[in-house]
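Below, chain A partners chain B and then partners chain C, in two separate complexes.
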Partner chain A sequence: MRVIWLVALNTFKETIRNKVLYNILLVAAVVLLLAMSFGDLSVMSRVQVMSDFGLATMSLTGLLLAVFIGVGVLGSEIADKTVYGVLCKPVDRIQFIIGKFSGLFATLALNFLLIALIFITAITLMTGHAPQPEIFYSIFLLMIEMSIIIAAAIMWSCFTTPTLAAIFTLAFYVSGHLNDLITLNADIQNNPILKTILIILHYALPNLEFFNIRTQVVFELPIAPGHITFAAIYGVLYAALLLLFSSILFSRKDL
Partner chain B sequence: MDILNVDKITKIYRRGFKGTRVTAVQDVAFSLTENHITGFVGPNGAGKTTTIKMIMGLVRPTAGRVTMMGKPAESTASRAGVSYVSEQPYFYKHLTVGETIDFSARLVGIKRAAVDSERKRVLEAVELTGREKAKVRSLSKGQQQRLNMASGLLGDPKLLILDEPMSGLDPPSRRLFRSLFKKLGDEGKTIFFSTHVLEDIEAVCRDVVVLDGGKLRFTGSVASLLEKGALGTELVVSSLPDNLTADLRADGLEVSRSPGDETLILIPAPKNPAAYQRKLYEQGIFCLSIQKRTMPLESLLYGANDGLANTAGDGGVS
Partner chain C sequence: MKKPVTLIIITIALLACITLTKNRLTAIRGSAPPLESMAYLPGSERVKPFMLGFNTTYAHYLWIRTVIYSGGQFMGDRQFDWLVEMIDMITRLHPHFNEAYEFAGLMIPGMSNNPGAAKVILERGMNVFGKSKWNVPFYLAMVYHRYYQDPDRAAENFAIAAQAPGNHQGRLASLAATFYNNAGRDTEALDILLFLYETSENPEVKRHIEERIERHLEEMAGDGV
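Our next item is the complex of A and B:
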């Protein structure tokens, strides 16, 4: 645990000293400010627009952070060979991967906390009371979703260049959100080979729409009982599986 | 027990789209016993860095195995008590000198309470005291390499594996490193030290492992290596009579007159110098000086000779 903590802390320091993070936060602040004025132009209420924009901004910044910083935290360590300084000490490669993931996840959590503070304060000022608790469930599920994306970014970084890893991570994110469409496509396929491929893809890719309860939150619709728990368990297991796979790949890699 | 045992390791890389096989290291085997400074010599591209990476578990051998203190190199436990100093200093640019040392210290298992004193000790050893707050990226190349060395000294390692640690250093830093290695050697540390600067080997090392073209050329003591390059013994005498000069020349010795009354006699390596010394003494001729003449280490290692092909000598390395 000591080694994981040390690697995580170092990764956290590295990412919060990264200019990319501040640019992402600046983008988030600008979007949220715009959201306040968009409320008057929308058919929805200002609070609904703010909640929608707030959650969408978190999702976008989480993705940007996972892709641009997530790919870099391992890819640049390998390219710059800073990894030698760690792995030549009594450090297991699995500990290194988990530490990297934890550090980046902590940065993401801090990023989400800052954005959440901005838009929850804005909602509280607009309505005069604290937002509904579902908004916090939504933020929680977004964090779980982003943990999968970070784990995927780390996994791609284990065997390809940072640029390709970023492209693969983005593709993974998009296909994860389109997973339901893959199922629909598989159902109408007559070609058995294509059908099998689509079914395999459906099960291999995560269903990232599980983590999206933004519509329910914005329009105050009911959330299915047990959905949050199920989605959280599913997300944690999927991220753990990706990290395990990353560790196996990284353990076999010549540095 | 051997502190490091390299057992017939081979590394074959696959390059390009077709996966062309490139052999970087082939069947290299040697072992180090404790308390010796061993040089690891070879020209650029000889396979030294690949071998060191296999020792440190950064690269997996295609064949063979490496053990450190009896534990396989792939295991985390094998790196306890071992430190590695790379040719280039690879640091996190976002950290300061102090943070870099603290991070490394905690990774090698030094308790939080002891980190401060350990940081002071290692920075003092490499003459970087007072630079704790400086960003790593603000240091010169030489200072970064000294910081790299400081990191390698953390936790009082038993075995230090140094990959061309003096590469690109200025003369004062080289002197500092050499004296540091000698001090570590005197303290009983085992140092495995890669270089292609032969002066460093002669100055610091007791033993040597020579690699060329990915293959082992020699293992043994530096003295035994120099012995292989022995050209003979040089005697300087005064007043050598002409008849004796002719006798010596007839025996295959080189005799040349020096300015003044002195004569230089070279007894080739296979001949016994003591026998000739006695012969001269019986004629009432005394030697003014006796000196071994050896081939420079550079010619011996990198010259066109096969004298080193897969040979093992004495010393702490075999």
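Our next item is the complex of A and C:
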């Protein structure tokens, strides 16, 4: 456990020094402040547009962080051969992967905290009262979603180049959000082979739409009972599976 | 690393748990009430700059959403609160979207109980298409006839529809003449029939209009005009 903590701490220190992180944070802050003027787009409520825009910005920022920092964090260790300095010590490769993931997740959580602060301040300033508590559920689920994306980024960077890993991670994110369409296509498919392939894809790829409760939050609609809990369990399990695959791949990798 | 057997067992257990959770989440989401996805729709003029030139693409996307929305509401509570806004936005983003005007003429007066909105959208369509499409003035004429009991405006729009090229000219001319008659404008009824008889190049249409002119003249003679 101590080994994981040390790797995580080092990864966290390394990533918060990364200039990319600050650029992404700056972009997020500017976009969120701009969202205050985008509120006029709505015919019903500017808070709704601002909330939607803010949550979408957080999702996009998380994705950018997971892709640019997540992919680089392992890839650069391997490319710069700094990984030897760690693995020659009594550090198991699975501990190294979990440590890297934890450090990255901590960076992402800090980033989300900062963006959420800007976002909530902007809404409070515009409306004169704090946003509804459901907005925090949405941010929580976004973080769970991003944990899957970070785990995927680490998994891809275990066996391919950083550029390809970034492309794969983006594709993974997009296909995860289109999972419902795969189900729809499987339902109307007459070809049994294609139908089977689509069903396998449906189960193999995560359904990232489970973590998207923005519409319910923005329009103050009820969230189905149990949705948050099961979505969180699902996200944790999926991230664990990806980390397990990463560990297997990394342990077999000839460094 | 742990032994391969342990890894396989952990993987299978994780996969099973993920599948179970996924199915549970799908069931939870399926039992939730359907979302009003069009809960806000900004004005089209404000949206246009954000379309980055993809106005037509967005109009087509919105068209699909409109059809899905209409179907969903038709099978549900039959409240079509957002239909007018959606069609309005489609026709503003893509002013030549003929099907949307047709939909406006057919569905908005009845489904949304808003013939006024249908009239406004169709009149905008008339400005776009002029006399090139028969269906826009035809549906506008139907709105005037059915919801405003205005045979004058209905006849005028049927007359415009009859002037649009196509095989429908004969029947529409006949309809326009009937409505002019109902409005007490017999001379204009004859004028539109004669105009279409002279301008039409389709022999079938000419024959149809000729019959209608003869009937019209008989009626006028009977009335002592």
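Here, the second predicted complex is superposed on the first by the 253 of 255 C-alpha atoms of A that agree within 3 Å, B and C clash if a C-alpha of one lies under 4 Å from a C-alpha of the other, contacts with A are read in each partner's own complex, and residues count from 1 in each chain.
The rule we apply is simple: a residue touches a chain if its C-beta (ideal position, glycine included) is under 8 Å from a C-beta of that chain, and two chains touch if they have at least 3 such contacts.
Not measured: the values here are computed from a predicted model.
Between chain B and chain C, C contacts the larger number of chain A residues. When both complexes are overlaid on chain A, the residue A:K13 reaches chain B alone and has no touch with chain C.
By the touch criterion stated above, A:D80 is placed in contact with chain B alone, chain C being left untouched. In the superposition on chain A, A:N207 makes contact with chain C only, while chain B stays out of contact range. Once chain A of one complex is fitted onto chain A of the other, the partner contacts of A:Y22 are absent, as it touches neither chain B nor chain C.
In the superposition on chain A, A:K89 makes contact with chain B only, not with chain C.
Shared contact residues on chain A (touching chain B in one structure, chain C in the other): 92. Residues of chain C that touch chain A in their complex: 1, 7, 10-11, 14-15, 17-19, 21-22, 24-26, 28-29, 31-33, 35-37, 39-43, 46-47. Here chain A touches chain B in the complex through residues 2-3, 6, 10, 13-14, 17-18, 80-92, 252, 254-255, going by the rule given at the top.
For chain A in complex with chain C, the residues that touch the partner chain are 40-45, 48-49, 92-94, 203, 207, 210, 215-216, 219, 221-222, 224-227, 230-231, 233-234, 237-238, 240-241, 244, 247-248, 251.
Here chain B touches chain A in the complex through residues 13, 53, 56-60, 76-77, 79-80, 83-84, 86, 88, 90-92, 94-95, 103-104, 106-109, 151, going by the rule given at the top.
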